[in-house]
Amino acid sequence: MPDRSDRSTAEPLEFREATKRYPGAATPAVDGLSLEVPAGEICVLVGPSGCGKTTAMRMVNRMNEITSGDILLGGRSVKDRRPAELRREIGYVIQHIGLFPHWTIGENIATVLKLQGWDKPRIAKRVEELLDLISLPPDTRDRYPSQLSGGQRQRVGVARALAADPPVMLMDEPFGAIDPINRERLQNEFLRLQAELRKTIVFVTHDIDEAIKMGDRIAILQEGGKLAQYAPPAELLMYPASRFVEDFVGSDRALKRLALQRVRDIDLWTAAPIRVGTPTSEARAKIEESDVPIGLLVDESGRPQGWLSERALAGERVTKDLRSPAEPLLDLDAVLRDALAQLLSSETRYGAVVDSKGTLAGILSLEVIQHFLHAAPAASPTGADLLIE
Amino acid sequence: MTGPALAFLGDFGEAIEFIFKERESVSGGVQIGGLPEMLGFTATHMYVSIVALVIAAALAIPLALWLGHLGRGDFVATATSNVGRAVPSLALLAFFISFVGLGYTNVIFVLVLLAIPPLITNTYVGVRQVDRDTVDAARGQGMTGIEIVRKIELPLALPAIFGGLRTSAVNVVATATIAPLANVQTLGEPIITPQTYGFVGQLGASILVAVITLLVDFIFARLQRAVTPAGLKLASPARRRRFPFPTRRSPKSA
Amino acid sequence: MIGLPIAQGLQIQKPGGADDCVASNGFCPEWIVDNIDRYWTPLLEHVYLTVAPVAIGFAFSLALAIVAHRRRWLTGPIIGITGIFFAIPSVAAFFLLQPITGLGYTTAMVALVSYTLLIIFRNITDGLRNVPAETRDAALGQGMTERQVLYRVELPMAVPEIMAGLRIATSTTVGLAALAVFAGAGGLGSEILVDKRFKSNVVVAGGLAVLLAAAFDLMILGVQRLMTPWRRARA
């Protein structure tokens, strides 16, 4: 597959005091929304129903006309062009997908290409590329939407939006109609795709967890179409700007932050790895120097065997006398929230973290996690970072 | 003062005069036209129509209600509606004239046959259109089949049933126009005997037929609206189910 | 339904004695075979009296439906007016039109066309309305103009309903065309009236009409199948 990461056609998007007022309504649906989405980033619009997130998204491609204010695509107002022209340059993915049942998959994908007057060979080649991109076999081109599953149709919807390589994409609850298992798969696939294509995307969802997973930046809207906070996920979770944001994000926001991190990313405590037969004086010295006041018995390769009891250090040399087993052994590459879950389900205070070979890498405990949560993050992790390893 | 427009009005003017005032027949010697004669024709017309409609309703509606309740009549409903539309009323009437003969029985028989298809189709579809969940709930509460039909399916299907009655009524009244071919003197009599009644008579009778049929259509339309429960009237089109065969009126065949 | 009268009235005559058969008004296969030619012209006239009104009615209805698609408020009045045309019995209409259009095919055509309007218009409108909102939304969102949405998406998706309307209109018109004789036109109806008491005649003429309706029905169904390959495709 050709490398597209340097061929980014994405453009930045800016909402400038964008307002949508419906005639006869007391309050505006979208009220003076101002935010900037840098090129190549996913901005998630999230909020309770009625907050205007979908309305705001639809103002970008003028499916809803802007009452006042403006929206700038690559610096150019969206009001500049005729709506139909504008929309051909913006990818549009909606919840129920809206594939045309009377067209083949190939014809569906080529919708905008046909509108732009591409010739047949060029269209055929592009369709082939796109089917490959969304991991569907080439013969899908001649099938009809009714023959595909929900997940497959959703992917075709994305391909259709990507066909003309638009600078911006709008996605309105695109995975909302999919079952939870496939939804996660589709989300991951999409994030991988985005890592390659780096489109500027406005993504609407009502699910804060999806927002945290998918977004580079999250815009929380409250009723009346007002912006409550616009920030990267980690910042949102650590410093909610208002009571509303706090409530919306959920009282478990600390846990949500842990879902964005791997064990390897944080500062673990040290423990003294001690082999059988080591002189006890040496062992005690090591234990003194480490963070954890108990010795950890390891084998010749450094794999943890268990925590040493006092009796093990009674004599001249260390014996294999364990107070407790080394389990649970936590994976260095695990998501921090999962590691915490493991720790909580056991009775141990200290969790031994091992790398892919099984060697001791550090110690995880509740205090380590608490310490991490209270320190300011060095970089702002996103859900995408977790996937791209 | 000539020209097609006035001539047009002239013909109509004369025709209306024909309805109300007696005059001498075209062939001479007989008095034709005038209100008494017209009313007589109208009475015959309505008589055969009403009788036929009542008989057809008594036969078709219970049958279709039961089929709809069971959910077994798809084929019957489609077939009758297709056949019913395709058979020309004239052919049917002539068929019975040639095989059975002339007279009231014959005519009423034909009218009943013509009235049945829309009644079956519309009643059947009307019953099928009742929300299955509602019927389920009723069954769950212990209602028997007949009770369900009586208390739930019939009331909810009334608008569709009246739609069918409307179609059939219009069909029947319209077809009764050609009954004189079988010696039953409805309003079609002046139409098929121009030698006596002249074009004026034909036109006058046509006007009456048109007015009466429109009236019947209007009355049944009102009745249909009257039996539509307020809740259904407010339901958006998206909530009403779609059906494989058309629920709309098949028009009168005369 | 028709069993009893047939049993009573049917006297199928053996060949040999065609004149006797005719004289006693039986059902005479030999007579039919001999005289089949005289039904040819009326049949053709009947075909014309069916196809032309439906085609013209379709053109009108389509135009009306497209206009009413944008201006929804027009739908009610259009249905009201075409409904009135529809309710007036054809025989009456044939006469009511004569002062204006005279005796002959024009009158028949005008009346028959007006009957098709309500049916076809309503079917096209329903078909267009039944296009799911999200499909329309997606079409507009991809960058189609309203016109493109109508012609590339909504109308193609409404084909099944439109075809259903054409089928109803056609069978109906076959039936009504039988009465065109009253307007001064030809058709199988005129053959029936030529001798309405002669069984063979009635059966043939009437039967041909029914067969014609069935044939048209199947043809339109066939066209519909051809036009909608996506409905046959199943996962």
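Labels A, B and C are assigned to the chains in the order they are written; within every chain, residues are numbered from 1.
Heads up, the rule we're going with is that a contact is a pair of C-beta atoms (placed from the backbone, for glycine too) under 8 Å apart; a residue touches a chain by one contact, two chains touch by 3 or more.
Remember, it's a predicted structure, so these values are computed and weren't measured experimentally.
> Averaging the CA atoms per chain, pick out the one whose centre lands closest to the mean of every protein CA shown.
Answer for the innermost chain: C.
> Where's the contact count highest, between which chains?
That would be the chain pair B-C.
> Suppose each chain is reduced to the average of its Cα coordinates; what separation in Å results between subunit A and subunit B?
66
> For subunit B versus subunit C, what separation do you get between their C-alpha means, in angstrom?
18
> Distance from the CA centroid of subunit A to that of subunit C, rounded to the nearest Å?
For subunit A versus subunit C, the centre distance works out to 61 Å.
> Mind pulling up the subunit C residues that touch subunit B in the complex?
Interface residues on the subunit C side: 1, 5-6, 8-10, 25, 83-84, 86-96, 98-100, 115, 118-119, 122-123, 129-130, 164-165, 168, 171-172, 174-179, 182, 188-189, 192-193, 196-199, 201-203, 205-207, 209-210, 213-214, 217.
> How about subunit B: which of its residues touch subunit C in the complex?
4, 7-8, 11-12, 82-83, 85-92, 94-100, 113, 170, 173-175, 177-178, 181, 188, 191, 199, 202-203, 205-207, 209-210, 213-214, 217, 237, 242, 245-246, 248-254
> Taking the complex as given, what residues does subunit A use to touch subunit C?
Residues 61, 63, 84-89, 92, 94-104, 111-112, 115, 143-149, 160, 170.
> Which positions of subunit C touch subunit A when the two form their complex?
132, 134-145, 148, 153, 156-157, 228-230, 233-235
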